[in-house]
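In the two complexes that follow, chain A is the common piece, with chain B as its partner first and chain C second.
Up next is the complex of A and B:
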């Protein structure tokens, strides 16, 4: 059986290699910063894809898990001098626990109601952290400056490449996890649940349990990326890590790239992140909001002309090429 | 088969690319030839200026941009009629009359973008100093980033006292911080009680839930606990509202019920306008409303509310009456007004000052080296004829020690200087007249 491009391990490997090599080849710190954001958002999109793309449960509150990851590693470093690697894992575990607590009742809701519930969870987290004095509330936390190196994930003066290696490693973990989930028994169950939850239940799939598993995996991956973000930015406040805008950006990236597909978040982030950054860099200083107008217009154009995501465009191209090859090899007759 | 070939080709390209990268070194290769030192003539000195040019605070951010552009015009041109440092001759005298160029960045009121813009301006644009960012929450990561690159950062109007409590070596601030402002407010209230029989005691704080608002509220706690609680002032209400609030009726009804004598506001122009409209709607009748540096100081407040803006007060570096009394400042204000359509307000003048001071420090240092500029910033006293104090001197922590504001109040549709000193333009008016009579 011919594998589709989305399941081709070699293809995925080549794509990852290209992404890894770009900031090494282009020795410009601004470009490296944009690559860090691109990979970071692609990883967030991959994590979100597991619960929404595979399991069909639309979450508008993933910023909650992102923020939990960011705050956990930051507070542990700031108050207890615990290295961010451990903070990252603890943040992931806390996010999983929160995901279980909030998702179990939320999964009883279906369709739009589940999406609305997740939206509320994100906002509740934001308000909680704004009012929580132990984590400095709205004034945010400035990360303490620690020794240079991978131990504390701090590099002075700013060594973008080292940050890039870390976020790339996290990105690879999310891609591999998404691949494994997508091609495992659990992945097929999730796809069945997405297509028709009642039918899936009737053939013996424990729908709630598998949706919960997907949410746990998704929350964990989102939280570890959040931890990295805090180390990279070195300052966090609730409005940076829990905003609705972040949840929406994750959704936008994945939907524009292509839902339920490993390449979707990568393509979406590859288009949207450089676009938003470069338009801001070029036009932001004018003070006329040109960057936002251009960014918005391009998003509208992509959405109108490729509503199934950019992956759909590439898959169609790939199919056409395969068909042409088959016609040339005489396996198919051209009926056009 | 074809796909396999493509994959092999791609992989080969990656390996070649990685090999090339491995062979490339970022370090300059030492040459065996003797290096002939050439005098480098600096033609333009670039300084980064980061403000909220889009988003909710864009109207204010754009005015601050105009203020910095006004400073740039004065420094680069010849303005002997404006008796400010750097105005008489074109450019930086000690750097062969090099021109100053401010490169603007937009942080969109987002701390993450403030950090990114700081890095971009330093690395890509090669700026040797920075000014900004208005929002304290954006100034925090931006100045922490400039510290890492050892680039001096002169903050104009950011007011959170936390900014100068971090022990940064490359950061100074022009504006008074919220701790200084709070003490100033209580002294003004004491003056009202002693000289105008105001009988004001109960305080409500109303503040936005970000670094600026929350920190201002903390300063009220601090001063009440340490000094003014014992002098009879008492806080009876604490109202925090979300930064994206589109309606403040609930908050205003709470305030009406508590009926405080005094309201301290830490709000930006949009929120301040919303609150003022709701105070009128629900006939909230405090005796005194005092604002931290923010919405009240923006002349848009008066334009938005017209007569309803009367009797609000707040600390301010300048008002039109002060500008009119200062010939040099009036002339600088003409340049600013041609760009912005309004007179200098407090924050705009503070950011104008930040641009003037960093340019003067570079000129005095005769160098664009960060350490040399900081040495000047930390050791020199700068003439600042555009401020009532006339001078700027940064302390060990980077705070301007002479950042004294005037208490201003809108009376008869105009900002008036009501306290302290001899330069007042009016007596303060205590108590809002009944809304039904206005």
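Up next is the complex of A and C:
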């Protein structure tokens, strides 16, 4: 069977290597900061893609899992001196538990109703943390300063590269997970559920269970990225880690890049993160929200002209080039 | 006492005040081909939905291989070996033919390579092997119907329920589906078939159940059904009646 480019391990490896090498080669802290955000959002997009791109269950509330990850590792470090690596894992597990509790009833809803329910979950989390005194409510938490190094995931602010290695590692985990899911029984089942739940059921697929699996994986991955984020910015409050804007950014990045495709979130983040950073730099404080307006416009354009996202655009180009080559080689058979 | 592979026992299905199935009962023995006929809106698809778990019947019971499957989820019923196709085909559009069939095969295995193997075998058997890499959305209606059957064959069922697998096909294609059913049946597969094309199913059916307005009005061997005046006039239409009279 002809391998599609999205299934090509070598291709994925090359893309990852380039992403890893860029901030090592370019020794500019501003650039490295943008690379960290790029990889962080790409990782969030990969995680979100599993439940929405693969399984077709639109989540507008992924900030909930991100915030849970951020708060769990932070609180554990702050109150109990537990290293963020363990905090990250526990945050992931708590996110999974929350995902199960909220998704199980939410999966009874379909389509737009499910999406609205997830939206509510994100907002509920925000309000919950704003009013929760144990975690300092709206005031937020400043991370205690520990010794520099990988153990506490704390480095000199000028040492962006070490932070980069960590978030890149998490990103690779999300990419590998997405690849494994996409090319396994689970991926087939999720796609079947997305395409046609009745057909899926008729061939033995427990629709609710597999949607739940997808949500659990997605929530875990989102939460561990949230833990990293807290370590990187060293201060968190509910409005930073639970905002609707974050949920929406994850959605936009993946939709623009390409739903249900490994390269989608990478491409989407590669375009949108620098864009949002530079609009902020250019327009200063007033630029707040401008990036979202541009994102929104892009989504409209992309969904109208290229529903498969930018990846779809590239795949079509790729196919056309191959077709041309085949014609030139005089061995064109079925290229459909 | 005779043992049946499936017993539909007094199944009633109401949608509000509409009674789509009213106390319908029939049995299917292992290795049989039983056809379910009746005019549009007779309740055939509804009965399929009740039997395969897509609807929970308002009352009545369905027994499959000794297990009470009334109101059991469709995926569980499929795991027990009872699967159905849909009147309106439901291909997994973004997947290739092979991937569609593999999705069915995963019911009995977690291994990718094993699912591939099962899909290959099914595609060979059902004449889809040349189209294995076609996107299922690009198939002709005949191939889409064939794919529906292939996908459930990959679940390695004990009984197959076909809901108008021949509708919209031309004569040659209908013959092919008939041949496929007969071949599978010879290999031991049990069938319940809903079909409007009498010429196609009468010759291959062991028994025919006639539904009208949700009620079972007759159950007999094909010859008796096609010669039953009441059935011909009321349920197969005047045209078929007239044609039969001529010959």
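FYI, the second predicted complex is superposed on the first by the 307 of 336 C-alpha atoms of A that agree within 3 Å, B and C clash if a C-alpha of one lies under 4 Å from a C-alpha of the other, contacts with A are read in each partner's own complex, and residues count from 1 in each chain.
Keep in mind that, in the parts below, a residue touches a chain if its C-beta (ideal position, glycine included) is under 8 Å from a C-beta of that chain, and two chains touch if they have at least 3 such contacts.
What you are looking at is a predicted structure, and each value in this text was computed from that prediction instead of being measured.
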item	value
Residue contacts on chain A - larger count, chain B or chain C	B
First, second, both or neither for A:195, with chain B first and chain C second	second
Touching partner for A:237 - first (chain B), second (chain C), both, neither	first
Chain B versus chain C as contact partner of A:33, first or second or both or neither	first
Chain B versus chain C as contact partner of A:139, first or second or both or neither	first
Contacts of A:162 with chain B and chain C, given as first, second, both or neither	neither
Which superposed partner A:183 touches (first chain B, second chain C, both, neither)	second
Chain B-facing residues of chain A, complex	10-11, 14, 17-18, 21, 24-25, 27-30, 33, 127, 130-131, 137-140, 142, 156-158, 233-235, 237, 239-240, 277, 280-281, 284-287, 289, 291-292, 325
Residues of chain B defined as touching chain A within the complex	2, 7, 10-11, 14, 17-18, 20-21, 24, 26, 51, 53-54, 58, 61-62, 65, 103-106, 108, 110-113, 115-117, 119-120, 123-124, 137, 140-141, 144-145, 148-149, 160, 162, 166, 209-211, 213-215, 240, 242-243
Residue ranges of chain A in contact with chain C within the complex	1-2, 183-185, 188-189, 191-192, 195-196, 198-207, 336
Residues of chain C defined as touching chain A within the complex	52-54, 73-76, 78-79, 83-86, 90-95, 98-99, 102-104, 106-107, 109-110, 112, 115, 132-135, 138, 151-152, 154-155
